[in-house]
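Labels run A, B, C and D following the written order; every chain starts at residue 1.
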Amino acid sequence: MKKLKIGIIGVGRLGYEHACNIQYRIPTTELVAVCDRNFDKAAKVADELGISRDHVYSSGKDLCNDPEVEAVAIVTNTDSHVEMIEYAYAAGKHVFCEKPLAETVEKCKKAEKIVASRPDLIFQLGFMRRYDYSYEVAKKKIDNGDIGDIILVRCYSQDPISIIKGTLEYAPRSGGQFIDMSIHDIDLIRWLTKSEPAKLWAIGGCYEFKQYKDWDDGDNVSCLMQMKNDIMAFFFAGRAAAHGSAVETEIVGTRGTLRIASVPTDSLVEVMSKHGVCRECYQDFLTRWHGAYIKEMEVFTDHVLNNTPANPGVLDGTASTSIAFKCKESFLKNTLLTME
Amino acid sequence: MKKLKIGIIGVGRLGYEHACNIQYRIPTTELVAVCDRNFDKAAKVADELGISRDHVYSSGKDLCNDPEVEAVAIVTNTDSHVEMIEYAYAAGKHVFCEKPLAETVEKCKKAEKIVASRPDLIFQLGFMRRYDYSYEVAKKKIDNGDIGDIILVRCYSQDPISIIKGTLEYAPRSGGQFIDMSIHDIDLIRWLTKSEPAKLWAIGGCYEFKQYKDWDDGDNVSCLMQMKNDIMAFFFAGRAAAHGSAVETEIVGTRGTLRIASVPTDSLVEVMSKHGVCRECYQDFLTRWHGAYIKEMEVFTDHVLNNTPANPGVLDGTASTSIAFKCKESFLKNTLLTME
Amino acid sequence: MKKLKIGIIGVGRLGYEHACNIQYRIPTTELVAVCDRNFDKAAKVADELGISRDHVYSSGKDLCNDPEVEAVAIVTNTDSHVEMIEYAYAAGKHVFCEKPLAETVEKCKKAEKIVASRPDLIFQLGFMRRYDYSYEVAKKKIDNGDIGDIILVRCYSQDPISIIKGTLEYAPRSGGQFIDMSIHDIDLIRWLTKSEPAKLWAIGGCYEFKQYKDWDDGDNVSCLMQMKNDIMAFFFAGRAAAHGSAVETEIVGTRGTLRIASVPTDSLVEVMSKHGVCRECYQDFLTRWHGAYIKEMEVFTDHVLNNTPANPGVLDGTASTSIAFKCKESFLKNTLLTME
Amino acid sequence: MKKLKIGIIGVGRLGYEHACNIQYRIPTTELVAVCDRNFDKAAKVADELGISRDHVYSSGKDLCNDPEVEAVAIVTNTDSHVEMIEYAYAAGKHVFCEKPLAETVEKCKKAEKIVASRPDLIFQLGFMRRYDYSYEVAKKKIDNGDIGDIILVRCYSQDPISIIKGTLEYAPRSGGQFIDMSIHDIDLIRWLTKSEPAKLWAIGGCYEFKQYKDWDDGDNVSCLMQMKNDIMAFFFAGRAAAHGSAVETEIVGTRGTLRIASVPTDSLVEVMSKHGVCRECYQDFLTRWHGAYIKEMEVFTDHVLNNTPANPGVLDGTASTSIAFKCKESFLKNTLLTME
């Protein structure tokens, strides 16, 4: 069986997860090269996953130029995504790139151009939620007409308080709630409604962690959007949920409603104790999205092997980033904004 | 509107609840007399509920002979139930009697004779679960054929650990798990299956509270029954559930299954905290069965006012008591027993 | 025991419910007079509830002047609420008035003046959700600090599709989603956040029933509010939920989250069938709020008997009405509005 | 990295699943040989999974003797398990064998002897439920003392009505409910209670499918067991659940209770429709146990690579089979039986 030979750039926490998936959990892929700007980190991962030191790099460009590599998975910091895409495309390699596409809309547009220049190469953006099993089940029901026309999409994304230390450390360079976190919900809203926001108003504040103020951000924010097709969309993003990593999505339709993960748990265990009847929750996004990270890479690989267009694509990256920035602008100005 | 004039004998915790229901919560009843062997207790309740001191008694017989009284609610200790029924019937009064009917099968049979002697009087036994809204919903579905034929009935009855002090104090004179607690489930099983046990085997032990051993009892017991119509029935009774007053019933049918109160809660509140997503539970049987206690008295009153036969009746009392004793015998001998 | 003598004006569906509660389900109240502009309807209810024909009226003013009446329950159409309050206050009677206070803000302010003129009289507005058991449980937890500071309140109010015929008939004279339906959520938001909206933006549309357009309304609407204390609030109101009468409220706090009625059911029965594991839902607001309607009247009566101030009060009526109109204005203009 | 080279014997539905897991989903294993008594079937699977035709067999003995093979996974019909174990052990190969160990207790004892003869080889039996994530979570809590001492274990195993056609076809040669289906629950009970049944009584009948009578079986059966350490255990097995593949386990302890999979669903989607709020259920055991099948093979491999003893072992096979036969005997004689 043909296996797609993938090189990975960036092996931090999520990059390492992708590397393992590529090497071990997907029948149609194999990992052939590893890059990290910290060479020792790359080498360690390569050793563990059985990649020869000949294919370990600290330069993304070098990895892209490795003739063994057929496709590149970019899991670096956001601000180097577009540069890496450029290297990969220059070398004629397919690209799977983590979200968000870039840290500015300008860079997103640059990525658009790069991608447009080589329609023969497959490009897929890492909005993995689209590939989570529960979201797939819901999407199928929607597309099947089970809930009629969509009226409202509601999205919650909350990190758990149990990881707040790491959250706060990363916060200053994360891009903020809208660009870092809500962008997932923005993508879901676009995907589910098949539309773009016409108007939006974002609000929020520092309810517990005042330091977010210094970063022109809030620890909890929300936004109401009116989509061009009149669907209503509301999202909420928080940094310190008491119960766990809580990503919930609800789609209210004219004939029914779907709710995804209102109880965010990864086991089927109910605990009956003095606290009542309890379901314990995910504390960790990698646990929550384990299957989705595998599935999106499988799908990307299928597209490469079959030469079919992937989604989400580069335009989804620009769109979600533009909207996230508009949300941030609305939040900072505290005013209703209209998208062009 | 005609109101049924009821005298109550026994105003302990449950008797007081019935007294309030009769006086305040049921349009068709009024409380006209109060008796307790502790006269002061009776007087206090009478004062509170606006009953004249002329109708306060320490003798059940006297209350039964009060000409104002049309029907008698017996909420005394089990060992005086039959005596009180005798007084009431001698005075030509309708009777609502709390469960269990009596503390021996012989006394149950005596009660049967008394009741049979006056078919013009209405007699109803206080197995209130039959009148709980959720059980009514389930019974209607079963009778409607929604779940096909019944295969298995599973019944759990657990008192909460939060009331263990009172549970242990009452235990020596309670009659034991089978006669005091499981008798409710025995009634449910008979009611739901419309059949009687052919064979049964009861087991259990002292898992936490060794003192039950001294009372020839267990703190947790269970029993498997084969009904005469081949339906399987399993019940479990415990005295110290961590989460609350947990009475759960499941009816597995050939076309569907019903579960009643798998999460025993009286509010619609979910609490998301470090314990996960939790539903808090009843700690108190009066909270759990509040509506059922009202409903059964309303139904009793309707039967009296319309002169229609009530259920559960005196025969249900004998049957459930006989079965409970058989369970205890099976438990003590640790052997399978056949009901005649 | 002292019983408060209440006269009721308006015995439609909800008025009849209140009448029965007053007469039968609350120990401290009795119904002494009944009024309906349809005299025959009033007479029929009076007969049923055992009220003498001497106390049956077709004029609210006459009922208010009945010397037997100590307090008046106003359950008429919204547009006569203030007139009835005026009669009651002129006659020196305490007032329980159904929501909304009035159909215009001007009339609300008139009611304020009337109520202010007689501080010795008790006035309570019928936002019954505050007295629902689950809301009481939640409020107690919030006030106890269990969830820390409030970040977001989310409120859903949906009527079921099963009653759409009646919904559509009533719609043209209902005042619209914001004034008729969302006003409950507006009251909840004010009550839970202890604050007032600073800014709000309401949107919506006709997703299924185009006729709402003719009434300058939507069949589904939503609104995002920024409260003066920076809490975020979002509400959604729909007219045709597939599953039932679905009123859900969520309070996200810095230390925990509470959700009320995410599964809107009145029984503890789970149904396992080919549709999966299902909880059947309320189809009827009277079932959902049965206990709350009793509790609010009990509380009102306590306030009258103890001469203590009631809540929600007349100012809550003006506030919620003003906000509802602001929502409607925002919806019609499709713009962000600032409350003075 | 060292990969364990596994040959598989039997590539029916479950065998194919194991083959894919070995080849694709477990980093430390590779599939090197495929056997099926239907050679074409073996060849087709080998081709698909990239195994050379040189390593395709129709004889289990031949596969065992393939020098490439280090360990053998036996997924044949039950009646050839022991024969295959014998071949594998004769060839000095480690063995993973599907449950049940054998179709008679005698054969189980023969397997015991074979396994005992080569303590240097690792043997693991395929009771995969022990390796399901939810069961692992529960077991950890139990071992941690979170629920105190175990009082009762309740196990349900139900196949869905949606697959009844296949169920009925397979039934005559399945060994019956106790040996084929309840054996999983018997293993769970032994594993969870760390004890063996002292006494047991099994009942049941043909509630829907009368043909089970011809096979000396019931379509639904249950059993109450008293364990040697006094823990109570109850299991129920059914062949036609309306909602899905429903395997539920409950462990009631003196300090808390755990319930596993009371709602047997693989997605986090709630569907709100006219049926209420529903969770759709598994229809397929491979979906339910997908992760467990992978995990048990990973664990087996770890034991082989580290030369540590595996569980469940061959003695667990004999024990569960003996108990299952005792259950069947109890069912057929309708009497209480004592285990030696």
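Criterion: a contact is a pair of C-beta atoms (placed from the backbone, for glycine too) under 8 Å apart; a residue touches a chain by one contact, two chains touch by 3 or more.
It should be emphasised that the depicted structure is a prediction, and the values quoted were computed from it without experimental measurement.
For the pair chain A and chain B, the fraction of shared interface numbers is greater than half, so the two copies use mostly the same residues to meet. Ranked by how far their CA centres sit from the centre of chain A, the chains are topped by B. With centres taken as mean Cα positions, chain C sits 43 Å from chain A.
Centroids of chain A and chain B (each the mean of its C-alpha atoms) stand 57 Å apart.
Measuring from the averaged C-alpha position of chain A to that of chain D gives a distance of 38 Å.
For chain D, residues touching at least two other chains, in rising order: 241-243, 255-257, 262-264, 271-273. Across the complex, chain D is touched by residues 1, 20, 23-27, 48, 50, 133-134, 137-138, 141, 146, 255-264, 266-273 of chain A. On the side of chain A, the complex with chain C involves touching residues 147-149, 151-152, 154, 199, 201, 203-205, 207-208, 220, 222-224, 226, 230, 232, 234, 236, 238, 240-243, 252-257, 262, 334-336. Across the complex, chain B meets chain A through its residues 161-162, 241-244, 246, 263-265, 271-281.
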